[in-house]
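Have a look at the structure below before the remarks.
The letters A, B, C and D name the chains in turn, as written, and every chain counts its residues from 1.
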């Protein structure tokens, strides 16, 4: 019993930490896809965010902002992510490009561009390491609660709580506000929305740019809390996992939250298993593929069919039928 | 009639214009970053055509890209997005090498067997998401993403634990399973160009034939466009989805076999994805999912990647520039609306005169 | 004379086609103004111009005498113009209320004031007699109810000029009756209506004046009181048309289709066909009449193999096809003109030729050893295009670019040419103009006379009455009565369709 | 522009072809001639600034270039594994006097290229390239390091600093090379105190900082207080975790690898969590081999192992956090290794033997 708890005390926080960038980025994907624009480019947006987050932090560090720097770095990443997502927005909304193609291009572009800039600026393939970091904290009082305290309120990043709070906010915005209703209508039936006087393309631009902002934040949070610097390999597949979390969660903020935590948990388990009595002799390959196999099984087993927004992947042309 | 011709011509013009725009943008970036674009591009082109060796390497490089492009395109035609080409290619690479090492047989049996092994492994890796899609309506994009990771870890596991020879790789395959060609290598001044290049050309033809000339291809395309009408017309939609993913996987698997049996003659522990599969998405898109298009865009990508090294060496331009150019080309192709718009502007101006 | 709407000399072009060529439309306050024209004449386009979805190349629009620029639907809304579109503009996953308030939501502290919204919707729906469940999801409600939601959307925005684009095409007779009443109520409330319909009877019934357009050109405006159905039809197509379907008495022979005690469940597992029995003989047309949602769709799906029957048997020409898959059903001699031509009937991205061969591509001589013979396929397609008068540039044209009527002709060519023993026609004329309807009706009767069994499922009572020899009335998944077409009328059918002698109720 | 391009490459091309026909000696002389000496390297996918051996190798070449200004030094970066062969070839074709392949991943490619260009001179870092005759290929110098010996020393430091009697090792991808780090480290720890537990885990990834962090988290949580990594970018996660715990008042340490990582990583507001680093002087080796080759002593076909003796491996200069006691011990053990008193194990089997001999 005690052993199990000890393990949970390690795994649960690790799971939440691993889930954080996925959750943030999945929220971004949600805005974009709910507005009808597929966003395979989440990976690229995270790359851009990680880049901007680290470079921003380094910059503010050098200006002497100290421990405010990483937070300002995250803000930079949010802004830059939103701006960078304009590539996808312009191509897939205004120029009616295939959204999948455009997203794929965004991924290529993000890696190429950021590493190219890093080379130009730092004269090497990666940035310096930031020294002003966001650190784990123990939440006062709450961390003292037995069992729950060590699991959920000890040695956590503030960013994790922010991410979860944002997910709730996203739910509220998407399902309770006029903006959310309009955004969803544009993703389901843009022509109907148009006849109701809603500016379809404007809503979609907002959706995509929000995905850039959130994806940028997700990348920045990952880079700042975990990686500490930026290189071409800092973001490797997290964006795709975030996309998977979004679909797994059926395009719902809480569904995506559950999926992100699930991925985080599977990943944490796979890493910590070697040091868990009883699991240490399981060949590592099983643990490595665990998150992916579990996801597939879950999808095939109990999650079932996910209905994407109806107008997803369809450019809107006024008056087309 | 003239309209149709115009449409076809346009289909070729758009990628060309997009490529032009891509290079233009690349040139501007070089200017901004303080490099001389002319020196840069001369170095790039020399890095592709300047030496028969480089040219051979470009062809070698484009071989697996053709296959991954075909794989993506094949699924795409059936309305499926196969992001799992990467994983299918990895298992194809591994299994073909396994067959190449374990079995002893005359080349005429061994080589086809090894390629078939790769094809089957890739097909299996495509079959799984196909079945899940058909049977449980699970989104193929997620499953294929997951299958990529599984492929990499499983293959690494097998190599590490059972086949590790030196460093990070398996033993070399038997010569009887090798696609390497002394002849092709000799005429290209020792490049790694191998017989797989010819197989890739055959594969382009094969895909075109399957999709456009066979009954099955008719069904696959029909299912891709409209599942409901297809099942109304008596086609087995689920079977076609599974088939499509499997065939797509088989193309990818053979692509892996090209790498394993042709380029390297071994398999090695992969520290990360090869990206050959992901590049296939771009190749297929630029080639608008047609066989000829894929062949040409694979050449472009292979050439750019080969030439990038020379650009770095000779002109001091960071090789990432090539990635940027590729990304921009894809953007411009995707945004063909823009090109059409500009074209129609130019056209109407001409008519105005 | 005070016009609420004046559209003068409107011209609207699409690439390669002039959809509206110098059309003028003037609508008086408080009238129901019909807009009549063949498929593709330009009616919807003209209305979309008025509603601000399209911008005209030429011409002016005046609303209540004032010249306006309707740059987008918001402007139209502000001018009090509301439009009920030909294809419903409803978000399927939203509730009735959400659809209605979309774009002008009542807000309380940044949140949608849902309670107020529901109340507002309930209020208007009471006021105009448009019964809806404000909290139901669109995907769960009937077509008639959806239409009411569409109307409520315009009323919620305070529209007093309403455009109805083919509102009755998808409605049951009962629903049409209700809609006509609703329109009359609206006029009494001081609104003006523009009504687009292909059904001349409806024009005669409710409209005051009628503007006719043909191939994008305005032909003229007439007072309905001074017109007849025939005179309107003539104006529309430019020649005389006959509505009576001429046919000889049927000479039925042996049973081709016999269905015994059939039970079928819908996608949600609810029994919708419940112990249905039906026989169709060679050489007769049986019309299935019924209110939408009484099991017609599932019945057809069960016969054609698209849906598995729960129990019971389906026999075609003595073969038990109950468990057959679609392909085997087809091969057993069943032809099927599906009700949704875009969803089931055609692969829109395929060529017309490929679509014509969609049921037979795999047979000789079109396929040999798994390889297609395209020259043979296109040769066949050309023959049928000729024979069935499918208007298309050529057989290699994309099916998508054909008009609805010609798409339907291509399907009919495909299904009829195979000489099936049993021909099932589901809503074969939905949304088509009189010319096309005439053609299709003639084809069905021709097939009957060649000794085929024809099962016609339609929501249009006129069609069922005119074309069928016998009429089977379907109610809650059972055939409740079979009557002779010559010996019945709309009124009797209406009663039967509503479940016996009771007054017709709200379909679920 | 096209014609110009052709002219540019022709001489190189011809040179390559001619070389083939010429004898080896003829070329060796040509190497030192009028064009000046050139020493260039091909990086692996880590790039020239990977804070690991690529960067170190380039530092060596740069230093060489500074000391011998007439010598031409340069590098080509490989973007993926398929670039190795063309890049090596490219340098060989340009007539580079010595071409370095940085990293054992290039073993097979350099073998092929070296065999095709028999009169060119090559060197590879971290592995030994055997020819078809199972002898080292004659025109490749094999530069290897005694990573196990260096790791032994940091193992000693760890053993003397641990307060929990438990330490950890995080490997990148499991391979014979990284095994040398692991076994050397374990041997060092156990040699000091065989009761100290060594927790070993491989991330199976050189580039996943989050994985590194979680492994470190689990290890620290499980009781280890010092962790050594040989995991490239994955190791960044170790430093993140260590800093985090240090800030929380925990007494934990990390040990860096390849370079003096305390200089670039590990710093936080109250100090540095890097106890020491196991440095591997790829720069020295590259410099030395370049110099020898320039002086006509190309060590082709030789296996050069840079160990403690040659200062090829060792503990880092930054020693602020290391106790004097530990430094003394390290010096003692260093001598014992050089003397051959201690035979540091490289492979798992050797480690088994080593452990049972304790």
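What we mean here is this: a contact is a pair of C-beta atoms (placed from the backbone, for glycine too) under 8 Å apart; a residue touches a chain by one contact, two chains touch by 3 or more.
Since the model is a prediction, treat every value here as computed from it, not as a measurement.
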- Task: Select, from A-B and A-C, the pair of chains that is joined by more C-beta pairs in contact.
- Result: A-B
- Task: For chain A and chain B, let me know how many angstrom lie between their CA-based centres, rounded off.
- Result: 28
- Item | Centroid spacing, where centroids are CA-atom means, of chain A and chain C in whole angstrom | 45
- Item | Whole-Å gap between the CA centroids of chain B and chain D | 34
- Message: Rounded to a whole Å, what is the gap between the Cα centroids of chain C and chain D?
- Response: 75
- Going through chain B residue by residue, note those that touch at least 2 other chains and give them in order. 153, 156, 272
- Task: Enumerate the residues of chain D that touch no fewer than two other chains.
- Result: 77, 204, 207
- Touching two or more other chains, which residues of chain C qualify? none
- Message: If we use the touch criterion from the header, which chain pairs count as touching?
- Response: A-B, A-C, A-D, B-C, B-D
- As the complex stands, chain D meets chain A at residues 46-51, 55, 77, 199, 201-202, 204, 207-211, 213-215, 217-219, 221-222, 233, 236-237, 239-240, 243-244, 247-248, 264-265, 267-268
- Task: Spell out the residues on chain B that touch chain D in their complex, using ranges where they run on.
- Result: 38, 42, 45-46, 50-51, 53-54, 57, 61, 153, 156, 160, 166-169, 189-192, 263-264, 266, 268-269, 271-272, 274-275, 305-306, 308-310, 312-313, 319
- Report the residues of chain C in contact with chain A in the complex, numbered from low to high. 48, 51, 53-54, 72-74, 77, 83, 85, 87, 89-94, 98-99, 101-105, 107, 110-112, 153
- Hey, which residues of chain A end up touching chain C in the complex? 176-178, 181-182, 184-185, 188-189, 191-198, 310, 318-319, 321
- State the interface residues of chain C toward chain B in the complex, per the touch definition above. 304, 306, 325-330, 336, 338, 343-350, 354, 358-359, 361-362, 367, 370-372, 374
